[in-house]
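We call the chains A, B and C, going by the order they appear; numbering starts again at 1 in every chain.
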Amino acid sequence: MPAMSSVLANKSTRVILIAVVAIALVVAPLILPAFTNQTLVRIGVYAVAVLGLNIVMGYTGQVNLGQIFFVGLGAYVTAYGVNHDWNIILVFVAACVVPGLVGLLVALAAARLGGLAIAMVTIALPIVGVPLAKRLDEFTGGSQGTSARFTDAPDWSGLYNDQWQFYIVLLVTAAAFLLGRSLVRGKYGRAFGVVRENEAVAASMGISPYRTKVLAFTVASIFGGASGFLYLAAVQYTSPETLSFGHSISLVAAMVIGGAGSIAGALIGGAYYVFVPQLTNAIDPNLTTISQGAILLVVLFLLPQGLVSLPRVVRRLFRRRTSRSSLPGNPPQNSPVHQPATDAAREGLEKTERQDRS
Amino acid sequence: MTLLELTGVTASYGPVQVLDGVELTVPEGGSVGILGANGAGKTTTLRAISGTVRTGGRIKFEGRDIRGLRPDQVAARGVAHVPEGRGTLGQLSVRENLLVGAYLRKDRGAISRDIDYCLDLFPQLQDRVGSRAASLSGGEQQMLAVARAFMAKPKLLLLDEASLGLAPSTSKAVYEAIRRLRLESGIAMVVVEQNANLAFSLVDTATVLETGRNVLTGSSAELKGMDEIRRAYLGG
Amino acid sequence: MGTFIQLVVDGLSTGSIYAALALAIVLVNQATGLINFAQGGMAVLSAYTAYAFLQLGLPLIVAILVAVVISFLMGAVIERLLVRRFEGGDPDTAVVVTIGLLTLVTGISAVLWGYNNLAFPSLFPLTSVEILGAVVSVRSLATTVTIVAIMVVLQVLFLRTKLGLALRAVADNPGSAAFSGLPVGRLLMVGWGLAAVLGAIAGVLVAPQLTLTPGMLDTALVYALAAVILGGLSSPIGCVVAASAIGVLENLVAVYVPLIGHDLKIAVPFVLIFVILVIRPQGLFGRKVVVRV
């Protein structure tokens, strides 16, 4: 493990590694079976939603229990746009902007409450969202849901649908993660962190906690909307069930289990969101909820930083046991929270293989 | 007879060692002051006794080791801690605060007599029995904190900076009442106090701490006379 | 007019269920500074417990009492084994812990009893009486009366007994309370136990109407949280008033405002919160909503 971290630290090897992963991701859909492609696509879909949630919750410390609402909204806007023959770019923009605006409105009110009240308000979003989606059947198709096909592979590409969808989702997901990464590492990211740690300190530094929270929440909603667009690209169908309360809770669980306040954690969270229900459903559908609760609590007890911190924790245990006395001058292990995104990509692939074997 | 005996007590907050072998002996009915500059470990010594900080060394109360007990268990042995910053229960009324103080007692008749005694000791509280503690003035809250500790009928009272943030006349009144309390009840005390005159008005002996160690111990009369002590720790 | 009275009485009945849950949430928050999002899920598990004892042949009232006792223990154990570790830490983590707990207890209900709706018998007769010319269901009236009675008992417990005094002292300042010899840990367990009992009662009272499912109280929890926001975390009476108002209002709106109707009435308290926050940022009763940050 220590050897690996020094390899990662080396800049040129890191560039090469990223290039290899990028090429692998481009080539992968061409050789992987359709089912695996579809699974990877769904990981991308939910990773974007979890990333948004991570920005408002992990980085800014505002508990948001309604992220799925924005995913659903994005999906409905996409379906509406596609079925009204809008340009696909316009559809994507609308799928981001509409949830963003709704998120802004909700945040303008909810952020005034502060503290846990934001959680108490946002929990209502999916609970109100489901009947609302059923009611607005002109736009949503009511309980039946609505479908929209816009991601069938064009003839000139010579690709199968699952491969074409893979590339669409890969493009948007990669863009979202690069954007998210530069956001949390930049000026706003620092503001998020200060507000999470101490609002009074933030205010004394000239950072408005209120505006920062509203910003983080709005960004999260936009990412939610983008995730909704991808959801429709992958599934081609959405219904009120998409934005149910249980799914919203699952997103929170996925975010925490992946790793709050970590970009790579969002990717792991997306993988968790897709795999674990698949696995438990295969055993007994009744086990899905209980296992999710148990996993979430176990992670909170043993790995409060999420699965993304697992290598770090293992390394620390390892080092403590083997070389306690030989490395007295070693810097403390509170190393950077953000690990390179490639790390998680690899982790996601590993899981895929495990899943396929089981 | 020795009531409380600290031997080689250590304590740390994270990597910072705050107590580094503190010694303290309180005889039954005695009153001992802990003096020293800010950060010398005075408050931590009290917290070590009441079990609110993890400690090493030995802390014996009535001949039995109380180190490692929870705060409520220490309280049950007969130690009442009046923490820095008063520590009243703000949303509860004055009377309720006193009743909470008597939580471990079963003698109902004596409890109501003691409440009357407290109100006699601190007449300012008389009109405020029904008010929430948070609505009291700083001085009244300090009186209430002392009275609440007394209600437990402790054998030992730990008093931390009872004059903090109070007007000089108020501090004086508080200390006069505590002195009367000591005379009439015979409760032993450990007193942490920045104000030298107030401290020496209440204690028989005192020890001076410096970075978590005893540097000087003696009777109040001896210490009072030492100019360097006055300058260094007691602020005149 | 008759319909109106009927709607108000039914609204008070559902409002009293929300109030019981809201009070449980306030109770836990006062004691441990957390918002327990699992309060509804725990109440559902309590109702299932009563159901299980009913299946064993116990009379309904006995089954409910046994479930209430078990719920008390469940609340206490959850506090000790699960929540204790996160008290006084990061409140956001603590919230996620209660979310995990919600998922876990819902999952336990699902594993043991499945997702199919189960019929739960009513403690009260399903008859109606006439009041001022309105037909009012006995069950609604009795539910309201029962919960009001329990609130009175709780009020007496908190204000007139030594245990209540100790619970309030710990809620106020656990560290300071310990100096008077109060066993803080045990009292926190009692606080969680009492909250679970309140939830259990709400659960068994509303189960006949909603029928038992693992997610039976998800919606009620959301209403209760709305009541807590409107009434204030530090004000049990404010929460009860807010919960009753929400119960009545949603019932009236569902019938008299067709645009909203029965399906969207859940939006009512949140639209209310939204409007209030926009008009009066400082909160409903002119003070800031106190949430531990």
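Throughout what follows, a contact is a pair of C-beta atoms (placed from the backbone, for glycine too) under 8 Å apart; a residue touches a chain by one contact, two chains touch by 3 or more.
The structure displayed is predicted, hence computed values, not measured ones.
Engineer: Moving only from a chain to one it touches, give the least number of moves from subunit A to subunit B.
Structural biologist: Shortest path length, in steps: 2.
Engineer: From the centre of subunit B, which chain's CA centre is farthest?
Structural biologist: A
Engineer: Tell me which has more C-beta contacts between its two chains, B-C or A-C.
Structural biologist: So, comparing the two chain pairs, more contacts are at A-C.
Engineer: When you take the mean of every protein CA atom shown, which chain's own CA mean is nearest to it?
Structural biologist: Closest to the centre of all protein C-alpha atoms: chain C.
Engineer: Between subunit A and subunit B, what distance separates the C-alpha centroids? Give it in angstrom.
Structural biologist: 54
Engineer: So what's the Cα centroid distance for subunit B and subunit C, whole Å?
Structural biologist: About 42 Å separates the centre of subunit B from that of subunit C.
Engineer: Cα centroid separation between subunit A and subunit C, in whole Å?
Structural biologist: Measuring from centre to centre gives 32 Å for this pair.
Engineer: Could you say which residues in subunit B touch two or more other chains, in rising order?
Structural biologist: none
Engineer: Under the touch definition given earlier, write down the residues of subunit B that touch subunit C in their complex.
Structural biologist: 50, 52, 70-72, 75-76, 80-83, 87-92, 96, 99-104, 148-149, 151-152
Engineer: Of all residues in subunit C, which touch subunit A in the complex?
Structural biologist: Listed in rising order, the residues of subunit C that touch subunit A are 35, 37, 82, 85-86, 91-93, 95-97, 99-108, 110-111, 114-115, 214-215, 218-219, 221-222, 225-226, 228-229, 261, 263-264, 266-267, 270, 273-274, 277-278, 281, 289, 291-293.
Engineer: Which positions of subunit A touch subunit C when the two form their complex?
Structural biologist: Against subunit C, subunit A makes touches at 57, 61-63, 65, 108-110, 112-117, 119-121, 123-124, 127-128, 131-132, 134-135, 199, 245-246, 249, 252-253, 256, 286-294, 296-297, 300-301, 304.
Engineer: Tell me, which parts of subunit C touch subunit B in their complex?
Structural biologist: Checking each residue of subunit C against subunit B gives 162, 165-166, 168-169, 171-173, 175-184.
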